[in-house]
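Just below sit the structures, each encoded as structure tokens.
First chain A sits with chain B, and in the next complex the same chain sits with chain C.
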Partner chain A sequence: MKDFTTEPMLEVCDVVHKYGQVTALSNVSLSAQKGEFLTILGSSGSGKTTMLRVISGLETPYSVGRLRIGGEDVVGVPAAKRRCTTVFQNYALFPHMSVLENVAYGLKIRKLPADDVIREARRALEMVRLEQKADRSIRQLSGGERQRVALARAVVTRPAVLLLDEPLGALDERLRQDMQLELMDLQRKLDMTFVYITHSQEEALTMSDRVILMRNGRVEQRGEPLELFDRPATRFAADFMGYENILPGRLIQREGDRGQVELTGGARVLGTLAADDLAVGDRVNMALRAERIAPVGPEDQGLDGSLRSKVYRGKYTDMLMDTAAGPLRLRSWHGAPAEHESFSRVGWKETDAVIFADNDV
Partner chain B sequence: MTEATVVPQARRSVWMDISYSPFWKSLGKWLGIATLGLIYFPLLWLVLLSVSQDPLSGIPGPFSFQHYRALFASDAWHMPMTASVVIGLIVGLVSAVTATVIGRAVPTMYRPGRILLMFVLPLFVPGMSLGAALFIFARSVLGLDLGFWSIAVGHYVWAFPYALLIVLVVTLRFDRTLIEAGRDLGASDWQVFRDIEFPILMPGIVSAGLFGFLMSFNEVMRTIFLRGTDETMPVWNWIQAAAQQSQVPIIFSLSSIILLLTLPLLVGVFWLLFVRLNRT
Partner chain C sequence: MTMNAEIGSPANARQENRMERPSFRLPLASLAFWGISLAWFIIVIIPLIILFVYSFFTTQYFQTVYSPSLETWTSLFSSGRFEVTLRTLRIALTVTMIELLVGFPFALWLAKGNVSKLGRAIFLALLTIPFFLDLSSRTIVWRAILGQNGLVNTILISTGLTEGPVDWLLYSEFSVHFGMIPALFPPMVLPIYMAINLIDDTLIEASSDLGGSPAQTFSRVILPLSLPGVMAGFVFTLGPALAAWVEPGMLGGGFVNLLSNSIESAYTALRYPVVAALSAFVIGLLLLLLGMMMLVLRRFGGSGLTLR
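Up next, the complex of A and B:
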């Protein structure tokens, strides 16, 4: 784990933004340290792109308490004068310029000597392994190559913060995974602050030091990737992070961060509390990942039920079980043998079941 | 019951056979060739006659350059030619600039359809009506003496819709995130326009200018109303041709020269619009 002790490279406090009557951001705050990989995660319409545009200066917020990039106050400073650059979703490469000219543009604008401009631009292209294609036109590049040109163009001016707006969205699965590793590698090498926007929880988990989950223009939850993955604090977060089972119930007992929940239907099960402020008697939800549920013996904690359906999907088997608390999804990675198995009770480790307040829709 | 359903199907398939018989393809081909001939043969004939000794006979040959010599010896066509070229340049330049300013604003408009239709409508307004209307407008509202400037205004009204349509080809395709990308990299608004937007729009703007020039240079209908006593090249040509004087042979030469000069311009416009534009 990286240690971030230096002053923040990016500080944003209380951004409010509206498009007409629609509030796109309501009091969003975030900060990122030098060399940190911060991911803003959210579905479309969550305000994540607006947030990025506010930081870059392409959007002027309705109001903002504090906005500092690289230690400088940039409230009211135009995009061109901010020490941050953006990798756009559609790359926004200049079609009338060669690869090298695209990368060199930011330096040329800064009136650097022509020799330095070329040298720096070539070095940036080398970094993304495109030095061979410096003189190509943009049209002659593949999607992945365009992506890398956009990256080189954005980092060549050595911004304090690099903003990436779903940069891998247009690439196919395989390429996306390669580019994820490449991005992480690049970020480590440059020791630059990255603010990365995505709707993919998988990308967020793989790459980030910290994740901010946004919903309807607000921060839903923030934390380290594993925290979000294993301890979602709301129903929305659990759903977004891919929890297949969210069971309603009432907290009937708690001890430290362990809690016992009486699910609808009366079954009492154990799990881990996502937040400290839950009290006995509160209405709660319990979230369970399908693959963390397995058949158990009659004396273990869990739920009784009967198997309704079974779909063998090659790598794993998806099962649906009817229980007193409602239908429960299970995923077994044991492959074909599990197909013939039959069981009437399933359970889970207490640490795999997350309990959070049932306070949102 | 079954017979009743079979018969109409059979009949329909006969019609299908006729609609898509190979006959239509070959008819299309020959009709196309004939039409192309109708378009280009007279032009070729004109050039051939211009180098013939007796063009008024209508049959080419024997060949000589005597009418070209007569053309260059005469200065009767200098004034109309100068007027046409200067008006054409003014109209081309003004059309290109105004079409660019307006064409850049259109993509940012909310539902520009109706406004665009109004801009383009003059293309279909009969030249006579527009000519007569402008004739009254230029004299009584603008207070212009009929002549050079009233012709220029008339030509501008005629050329602008074309120029706008051509500029819209590039402005509507222009990706506005490129402007944001430029600003994001540190470019001032002027730098963004100079380095990014203008070079990308340039083929359309230049085409609009060239096309504006050509539209003005070829215009007769509106010019007749607006010219007063001035003459433009096509009007002079037309008067000469109608007059049945001994001068007539030299207008064959003049028309040929104009044809050979304007064709490359047109080729340039289409190259810019269809070849150059697809590269960006």
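Up next, the complex of A and C:
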């Protein structure tokens, strides 16, 4: 993990934004250090794009406590004067300019000498490995290439913060994975602060130093990617991070960060507490990933049930099991024994089961 | 070939169909293309050719003499037609430039300004209203407003702003310009509005995000991307302005003769070859102006955008 001891490159405090009567952001705060890769994760309508537009200056917030980019107060400063640039979701490349002209745009606007403009723009294109296509028209580029041009255009002016609005959303799976690596590589090389917006928990997990999960214009949970992935603190977070099973129950015993839950139906199982403030007797939820559940012997902790369905999906097998605590989804990544044998009891490691308060609406 | 396949086994037919589809659609499209081209040729191009051919005939005693000669063309610019041509050009270009100067900002505001959906719909409807009413009925109303005893002069005199009636308001070049401007405003605004409307808002946002001031965003992004609309607006405005006939006739009062008035008088005198030659000349003039405009735009567009 990187060490962020310098002053924050981006500081946003208490942003409130409304579209008419609809509140898009309510008191959202965030900050990012120099060289940090911060991801804002959320589904559509969570306010993540609005947040990005507030930072870039393309949207004027209803109210904001503090907004600083690169140490400068930018409240009321127009987008053009802020030291941050955006990689737009649809790339927003200028169709009437060549690749090189697109990349050079920000430099030309700043009235730099023509030689410097071309040299800097070519260097940026080299960085994204497109120097051969400098004179092409935008229309002649593939989606991934357009993506890289947009990236080069945004970083060529050396902004303090680079904002990326779901930049990989329009690319196919393979390309997306390649671009993820390329983006991380580029970010490390430039040592630039990236604020990355996505709805994909997988992207957030692989790329970021820190993740902010947003929901309905509020921050639902924030932390390092693994924290969010392994210790979701709410039902929404667990659901969003891809936990297939969320079982309701009651906390009946706790010891350190380990707890025992009595699930609906009476089965008592072990798990790990996501938060410290849970007390014995609280209503809780237990989240379990389908692939972390496996058949166990009769003495091990777990749940009894009967297999209802089994779907072979090539790489893995999805199973649905009826238990006293409700239906349970299982995923097996290896053929045997789950695929051919029948079993009546499943279990999990207690570190794989997350327990959090059942206070969600 | 396709018929045979369809009669054959169903599976075979389906396969054939799928493979044939692209090449089957193409003939239809090209059929339509050639059909429309042929119709266009018959309806528009052939009359133009006949017109052009007519200009090489002459008239004697109100009869057209069908023997080829250059007489009509050589005598075309005698009897002060050169001044008429210059005046026509000057007025048509002035009107077009005024339309462009007023129409472009209006179109920009309508397409990208802070206009509500309802407001935009109302303005677009207002722009189409002139097409509902005959041009001469719209134009003749101005006589009552601009005349010596008209509305404007009555107000001016009764408020004591002027002592006598202002006489250049009607039957002058002013009134001809004035009459043409509202008539030719929609054909200039609508194509520009369409072109600007097509510009993706994120391009404008991207420009200011990259540091572009509103003026830079306008000159480097909005203007170049709206040029096709400007070009179309130019064509739709300059053409009718060169051929304007109602406004100079009704508001010029015989003092402002344009080429169209020459065509009309030649027509009434049954001198069809002159009509043909003058019409061909106006078309040539229009093509020449558009060609120049195209060159200017390409130059301007090119130098404004490239790094070189």
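By our rule, the second predicted complex is superposed on the first by the 359 of 361 C-alpha atoms of A that agree within 3 Å, B and C clash if a C-alpha of one lies under 4 Å from a C-alpha of the other, contacts with A are read in each partner's own complex, and residues count from 1 in each chain.
Basically, a residue touches a chain if its C-beta (ideal position, glycine included) is under 8 Å from a C-beta of that chain, and two chains touch if they have at least 3 such contacts.
These figures come from a predicted structure and were not determined experimentally.
When both complexes are overlaid on chain A, chain B and chain C end up clashing with each other.
Applying the stated contact rule after C-alpha superposition, one finds that A:Phe88 touches each of chain B and chain C. By the document's definition of touching, neither partner reaches A:Gly217: not chain B, not chain C. With both structures placed on the common chain, the touch criterion links A:Arg139 to chain B but leaves chain C unconnected.
For chain A, the partner with contacts to more residues, out of chain B and chain C, is C. Of the two partner chains placed by the overlay, neither chain B nor chain C lies in contact with A:Pro295. In the superposition on chain A, A:Thr157 makes contact with both chain B and chain C. When the two structures are aligned on the shared chain, A:Gly106 is found in touch with chain B and with chain C.
Contact with neither chain B nor chain C is seen for A:Gly271 once the two complexes are overlaid on the shared chain. By the touch criterion defined above, A:Ala80 reaches both chain B and chain C.
Legend: residue contacts after superposition of the two complexes on their common chain; A:Gly35 is shown touching neither chain B nor chain C. Comparing the two interfaces of chain A, the one with chain B and the one with chain C have residues 56-58, 78-81, 85-86, 88, 90, 92-96, 105-106, 109-110, 153-154, 157 in common.
Contacts from chain C toward chain A in the complex involve residues 200, 202-203, 205-213, 216, 220-221, 224-225, 305-307. Residues of chain A that touch chain C in their complex: 56-58, 78-81, 85-86, 88, 90, 92-98, 100-101, 104-106, 108-110, 114, 117-118, 153-154, 157.
For chain B in complex with chain A, the touching residues are 175, 177-178, 180-188, 191, 195-196, 199-200, 279-280. Note for the complex: chain A touches chain B at residues 56-58, 78-81, 85-86, 88, 90, 92-96, 105-106, 109-110, 137, 139, 153-154, 157.
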